[in-house]
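In order of appearance the chains are A, B, C and D, and numbering begins at 1 in each one.
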């Protein structure tokens, strides 16, 4: 048994490919926990960043700088009374959030955080991702219908129409990226997520910059469509507060509502991961070919630990700036502890074996974090599209452009 | 007489109990508890899919019988009540009321009082427009301007608080002038504010004016022609955005407005975007007026000679001012006693709200929200 | 509306007897109402106190025009404090309003309201405040109505009169013929009485309504 | 690659498919039927996966479960369901129906027994790694013509749908 467990460590594939069930389960647990923590962190970051965009402070009370706010929120939501509207279809009402949650989390099976840091590598990886994430539409439709109320119904109709429409443009953009993988030296393309990143490594270019305007346009289309796909501002019509109160989850509260939120944020991270994998070179560090050599490798591998140290310093600056009053003692201690924790993580990341293994994950996460920040930025800046305008953008702008990009990529690829 | 608007017939609000292909007519109830109806307005929408076939407003949830109260209070006692109508522009309400009673009493407020009145009223117009901009943008989905406008509105409210002790329902004026002399540093505060705000207005405009989504959401939305505006009695920025250059401050000047030099911003298309631009320009013009008023603030008394017990001679008078929302009029009938015999308030929001149905027909649900926002109604004033 | 017939009649009750706390206001009001009914029944401005301003006759081509066409139907044209007022006979008022709107460019109906003088033979003054954009001129048109007398709706002249007339109906119980949608506007559909009539005291909240709909004592 | 617990998953998915198929026709509420159908389609996708046809499984999920069924649900949700719930679910032709079902079943069994030669006894396993590529090559190589015909047919259907829908606007 122990051999079975340790044998994987020497293999150079994902646990799924190695067929190692134990490690696959461990990976699943790690990914699930990691995504849940990421969702919480994202929740906190969104509230904080959005608040600072809007000259507010955001959560400040629960823990230093509101660090424990997501946990407090989670506890609040879990302990809330579970309300099911009287005329709701109880079974469907109950299943809908689960479907969204499952769909959002199932996607993580194929996301490659590193060459071997994925639960498995499916031959149809990207197809699987698109397919599973398209299932979350079902949850939205079911939630809206089961609530048996006008606002959720309209919200879910809007939402599902929107998701289906943008899936088309999104798929086209993805296909153009996949086409680029088939233009490698061996001449065979791939749908596998790991394969796509490896193709970028092999071709020595991120697909964002390949065939210059083409790759970039495809990426831009995907970046727009993914915001619409996750129902976020400026495409947050299904949840348009001012029109439909809360869209398809108007009637939901407590735990079920938190499942929707969890699913939404998990889906945001998931689609960002697709974008990173397809266009931004996945786990590859920046300039892998321009800046080569042992010195650069070392410099880049030190970055993760360095980032954590910077965060630790920021936390300590916060500690110093805390008012010296007994009322703030707990807060100061908590922040100091958090800073120490960050610093320790940073120091651990400097250790050579950890450093080498963790680097891929760091770069992947950093790129995803960029998209997460963009999500917040959009929300702070843009008004909301109207439904017909949203549809027009989807069908009359994004779809033709993405088709053009697809054809262009194929032509350019054949010519070159 | 413009071609009169075909009067919208009342909706048949039967339940849409139809099956299959007829089932796309939907009655949607918005409010009275709805984030976008700015208070307790209830709007019943008749929809075809997302298209609005007609709306019906149900109002009166905030009815407090202000007119009846007015008939049972003395002239001075009723003064604070008017602040509670349009509570985001309380100073304007007070100005209209005081001027009407002064007219009835044949009293003229002193020049200095009139200047102070103009400064405070224009500050209030700015506050009202800022509140409108923030909530309107929030309705259309832009969260951030709300916080910016509230930050800057706060400065106005601080000046009010320093001047009269209250921030919202100020009761700033008395019949015959102002009760309070300006506090020390009033001019400095107002001047600082006048210098402080223009960059902030630029900031709002930067966020919205050329924002593609904002333009798409507001252009050609809730259009209303000048003829329809006049026929429906719509006034204020809504009328001006339709291209009618009419502002009571210019047409029938009151207080000290004839002393100042300012423009009346006018729109062309009468759509939501033009109304937005008109109000933004109005904010700048208000600043212009405030600057002139505070620089030319004359010395002198602030209160005219008004009898302790006000008994206006029997008679009736209608007087109106340009409130931030439109024409705010008071029609007072006096019978020579200490109380008004009839106290009628002509609220701009109430009359403007009538245009909602015309403005949203054929548009989408999301536009209803935008149009309610752009009408800039305050339910306290609609319902009184 | 059924409550129309049930509504308190003018002069029947006089001042309502509210609970203690407001007797003075009520007394003052009833005295005032009585006085106004005696002395200012026709034209309140005409019998102003010695010190007060006096309404002067208003002469203008418009008035002359109307007087020649309608003769004694234009019972008064005066200017009080610089504000012009026409008092018309109720039978021709609607026609004149239409002429004012269509021929004399009074294209903006500012307000429609009413005043109640319970002691008078014709207890209601119905007041239009008109404004002309081209002339930059305001005009007040008044007519007197009997209890239960209905009046042609001016919503066909100015569509904006719709809600204003609904409010007059709601508050005074005056009915407008041909109004597209004459329902109560501010008060609930099942409210009884019309609050701005003088015989509807401020204390006299509809206790029954409050009791039935809110389940509390009205607290007045 | 060693498959894990293959028989278990096969029977599990097969049972799930059958169960959901039965639910589809027995549920009175059309939305529940549609949801059961989705479950059946997903189970089928699982079966495809077990047959080493991941591409077909993926397409099954995207097109059927994700796309077509959402449209189904759309229509069902918009239509008033009250009436269908009150109506009798099965009409009186159960005798004819069961006869037809028996006949069809018999036919299938007969084909299976008689034409055993037609079915490959030993499955030629396609390498999982290049499954998608092979599907692509077949579609765009050997079956190019039928593939294009099918897409043309769909185009005609789309245009027809647009024309019919436009008339009502």
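Here is the rule we go by: a residue touches a chain if its C-beta (ideal position, glycine included) is under 8 Å from a C-beta of that chain, and two chains touch if they have at least 3 such contacts.
The model shown is predicted, which means the values in this text are computed figures rather than measured ones.
Among the inter-chain contacts, the highest number of C-beta pairs connects B-C. The chain with its Cα centre farthest from the Cα centre of chain C is D. Among the chains, the centre nearest to the mean of all shown protein C-alpha atoms is found for B.
Chain centres here are Cα averages; for chain A and chain B they lie 45 Å apart. Centroids built from CA atoms put chain D at 32 Å from chain A.
Distance between chain A and chain C, defined via averaged C-alpha coordinates, is recorded as 66 Å. The centroid of the Cα atoms in chain C and the matching centroid in chain D are 74 Å apart. Contacts from chain C toward chain B in the complex involve residues 22, 25, 28-29, 31-33, 35-36, 39-40, 44-45, 47-49, 51-53, 55, 80-81, 83, 85, 101-102, 105, 107-111, 113, 115-116, 127, 129, 133, 136, 138, 140, 155-164, 167, 171, 180-181, 184-188, 195-196, 202. For chain A in complex with chain D, the touching residues are 17, 19, 21, 89, 91-92, 95, 122-124, 127-128, 130-132, 134-135, 137-138, 141-142, 144-145, 153, 157, 160, 164, 188-189, 191.
On chain B, the positions that touch chain C within their shared complex are 1-2, 4-5, 7, 9-10, 59-60, 63, 65, 67-69, 71-73, 103-104, 106, 230-234, 244, 246, 251-252, 312-318, 320, 327, 329, 331, 333-339, 341-342, 344, 346, 350-351, 353-354, 383-384.
Of all the residues in chain D, the ones that touch chain A in their complex are 1-2, 4, 29, 31-32, 35, 38, 54-55, 57-59, 61-62, 65-67, 69-70, 73-74, 77, 128-133.
Contact residues of chain B toward chain A in the complex are 26, 28-29, 34-36, 50, 137-144, 146-148, 151, 207-208, 211, 213-214, 216-217, 364-369.
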